[in-house]
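First, the structure itself, so that you have it in front of you.
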């Protein structure tokens, strides 16, 4: 059985690499996808579109253009995945991660949340619509290994 | 023209009342809906379901049951609204608000974000999929008044 | 807030009446729907369709015709409900109840299961896709009362 | 013509192997998929997720976690199959099999039921929405051979 | 329980009136809809659209325009019905009736076929996707009466 | 039979009024809807949203905000109509009218085009997906009168 | 550009072979699919399912079983095609062909009709929802050649 | 990451070639698709279908047949693309380009507009539903390069 798994959320720790390496070690037939995870590149994704005058100095519209260019990629990848892993970390607002979870919930795409115990309460709606809550990347790898068994 | 508008997000300020009163003053033909906004009642929504043994002392499962009971209401209301206003406030994680926005985005239900300028950057993905970003409830009321014109 | 609630499953106890009366007492704005719950009438629902020769003596085709005539009603009602309560009782196979639950799961229609503790294990897949598991009709009424609050 | 066929239901007899071998003998271009059919592994599928405290001793939540981990696999496989064969055996409740049938019915995915004559009556709703009722695995193989003809 | 029932097919006998009268006698809460059943008016439905030059003398395009004007009505009514009754009579090709049945099948809208025994074989695909085959309008009325019971 | 008809396109002639009056004269049970047709108000629809600094002097973003505020209204109305009449006039680009037609085509919502003969060629794709091409508002009224017959 | 084309309708002339050969000669990248076109095999498709007693002598149920077994194949092929060619011949009722056309219309799958001039009138609804009416297989091949151009 | 990109709109400049060459130079894994861009061939696409009498001299029906034959190709390609680039040039009505944009908007398929500043205002609705507005093919290539990064 092959699977396409989208990795959403936190970009400041190496949880993506841990999962990908763990899956590779077990030779799971999984194709991992992701947004562009380079923070600076992502923030600048729309900068080539210098619309009119000095809008590039305008933070709302700069963010607006970049978020939409990023959405070209993420929307396609999320709609084509079989499963999403969504990671919530220790800091930052991470509203885009919760947004992705809501998107999957509405599409009936299964997702797994990955977060520590101390943020159970604010994530209760996100967890309630998920198919699993994992606390460690090892748990995620174990789940992937199980669901991909021949 | 009549509209059903779901009010999502922050529950600690009176932004919902301001919008509802403003719409009423203008006699707009709008039906407003919302989650249960009483924080304690919402957290306890699943407490009547004492599943087995002492699970009610277990915070993950208590939250899980309550979030799902709340979802019976919110899922129906969100799927039946014509427009969502989603408010992000000064504090709290508010991942459920971002989750609702993602849900609307996937359903192609229009939504308006309501937040101050200082959180433009972390909300860029949520704003990018919205049809308007308002900074004040007055702006929201003005939009509602405009779109509901005969 | 008004709701349409479909009551699926066991037809040999009065759980439907208990829920309807409980909701009425609390003046909840709920419209309850249901399959035809008269067992004999339901089994005979297709008997007017004497297709060819003596097929009415043939149990597979008699059941087939009746199940389809019943489906005209149940399919419409299930697709038009906001919430399903599905009851599993002490006896009988009740595969139609589990079938209805699977139907709702695929349609993303919320449902609540109603059953005692001793059948948790065989119902685990049905419970996993539900938004609540209730053990008593009182719990169901309490949930309905909560989700229909103004 | 190639086909993906999901084999749902009873896990205590070797009906899956019979169908797969029969199809192989006839060199049918069919890819068979299935849930994890090892009963113990399936029941323990969520055990790696030790959520909080001693919930693993709590049968409802243990079942809940495992059923959801299994759903990651089965939901994907069912939504990607062209045809489901669903087997109802002599014993056990097998509500998950009826649940899968309801899921397919709502998705308009064709399915074939496989069961003996003595359970025609309780399966009448499940049979009514199927495209064939087979009594033996030989009949199933004959159908597969027919529908996959060049 | 209320129902919207679309009456499709044969326009040269009074089967529609029989069903409507029968339902009225039993005070069933059914709203009946239908294409324009006046044959001449239906054939001339697009004649007001004298596109260019003498195309009205051109039978293909005359039929084309009229069929599309009729489709404005029938498409809406079929998509808004809960149930279709489709009648196949003794003569004429009646491909539009079979077309309507295929349309309902794809939309998963339940339908009942109404025809005599002598055309069972050519209608086998149409009957296979229906929820009932009736031979008389009395049988149809009996079904409607059953499925609309309180 | 009642109908909701959305009137899209040209805002500089009184074709909307002609159709509405014609339908009223014939007492057709039609509810007409429309975008805000006041050109200046429409262009200024997002001006209350003074996002950051002097973006209101920036024509792209001013148009962007206004077009989205207008979309809150038009998207809802188009998705809720049974039929669209889309008018192409003598001047202006009118890309929004063609955009609305494409939107309806993808949603399988029937629409009628209203335009003179001299723009048949550039409108051929838009006409090809329509259910009728009318040259005059009288023809439109005649179609509406026909499709709404009891 | 590659295409999957389903060939529906008449099974008593060699129009399928003509189209396939014509496409092959032009080396078009088209995969053709079809129902089982052997009339006797098709009528007997469900005969292996001897349900109960002597139902195989009962023409309605024999047809019913066979039509459903055939539907396992045709439903999958039709839902997976990019284009359907549907042929109406000189004789037989051919309601299944019109049924397939209605099915495609509801799914928004493009189809081409293939028939002579003398049955324009009874096919007007089927033609109205098609993207082309061809009178000869040569015309069909010419269309296929055009739409598959690099 | 691989992508299928549909190139819609203007056929009188070489913007398609510029984008394809730019993507090739960067070895992006993109499959580009397009309507038939030979103007004369496109206008004549339905000419082989000489329906009845002298309709080929009739401009509306000639355009009608050709537009529908072209739609067989374009509808498939648009529904199968991950992203559309839609180009609006200096001249011509280009309503088919705006129609394609509306089609994508309703299907929630991302698209990028490509046009100069002088037509911002008439394209505001089309731009409002897009994920980016580019002024040059270089900007488009830069976006494609970004969203296809490994």
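For this structure, a couple of remarks:
In this document, chain identifiers A, B, C, D, E, F, G and H correspond to the written order of the chains, with residue numbering beginning at 1 in each.
Here, a residue touches a chain if its C-beta (ideal position, glycine included) is under 8 Å from a C-beta of that chain, and two chains touch if they have at least 3 such contacts.
Keep in mind the model is a prediction, meaning the values are calculated, not measured.
Across E-G and B-C, it is E-G that has more C-beta pairs touching. The chain pair from C-D, E-F or A-F that repeats the E-H interface, sharing more than half of its contact pairs by residue number, is A-F.
Rounded to whole angstrom, the centroid-to-centroid distance between chain B and chain E, based on C-alpha atoms, equals 44 Å. Separation between the centroids of chain F and chain G, computed from CA atoms only, is 38 Å. Taking each chain's centre as the mean of its C-alpha atoms, chain G lies 31 Å from chain H.
Chain contacts: chain H has residues 51-52, 59-60, 68, 70-71, 117, 133 touching two or more partner chains. Remark: chain A residues 51-53, 55, 58-61 touch chain F in the complex.
On the chain C side of its complex with chain B, the touching residues are 1, 3, 82-83, 110, 112, 117, 131-135, 139, 142-143, 146-149. The part of chain B that touches chain C in the complex is made up of residues 33, 36, 41, 45-46, 48-49, 51-52, 65, 68-73, 75-77.
By the touch criterion stated above, chain C contacts chain D in their complex at residues 59-60, 63-64, 66-68, 70-71, 88, 92-107, 117, 119-129, 133.
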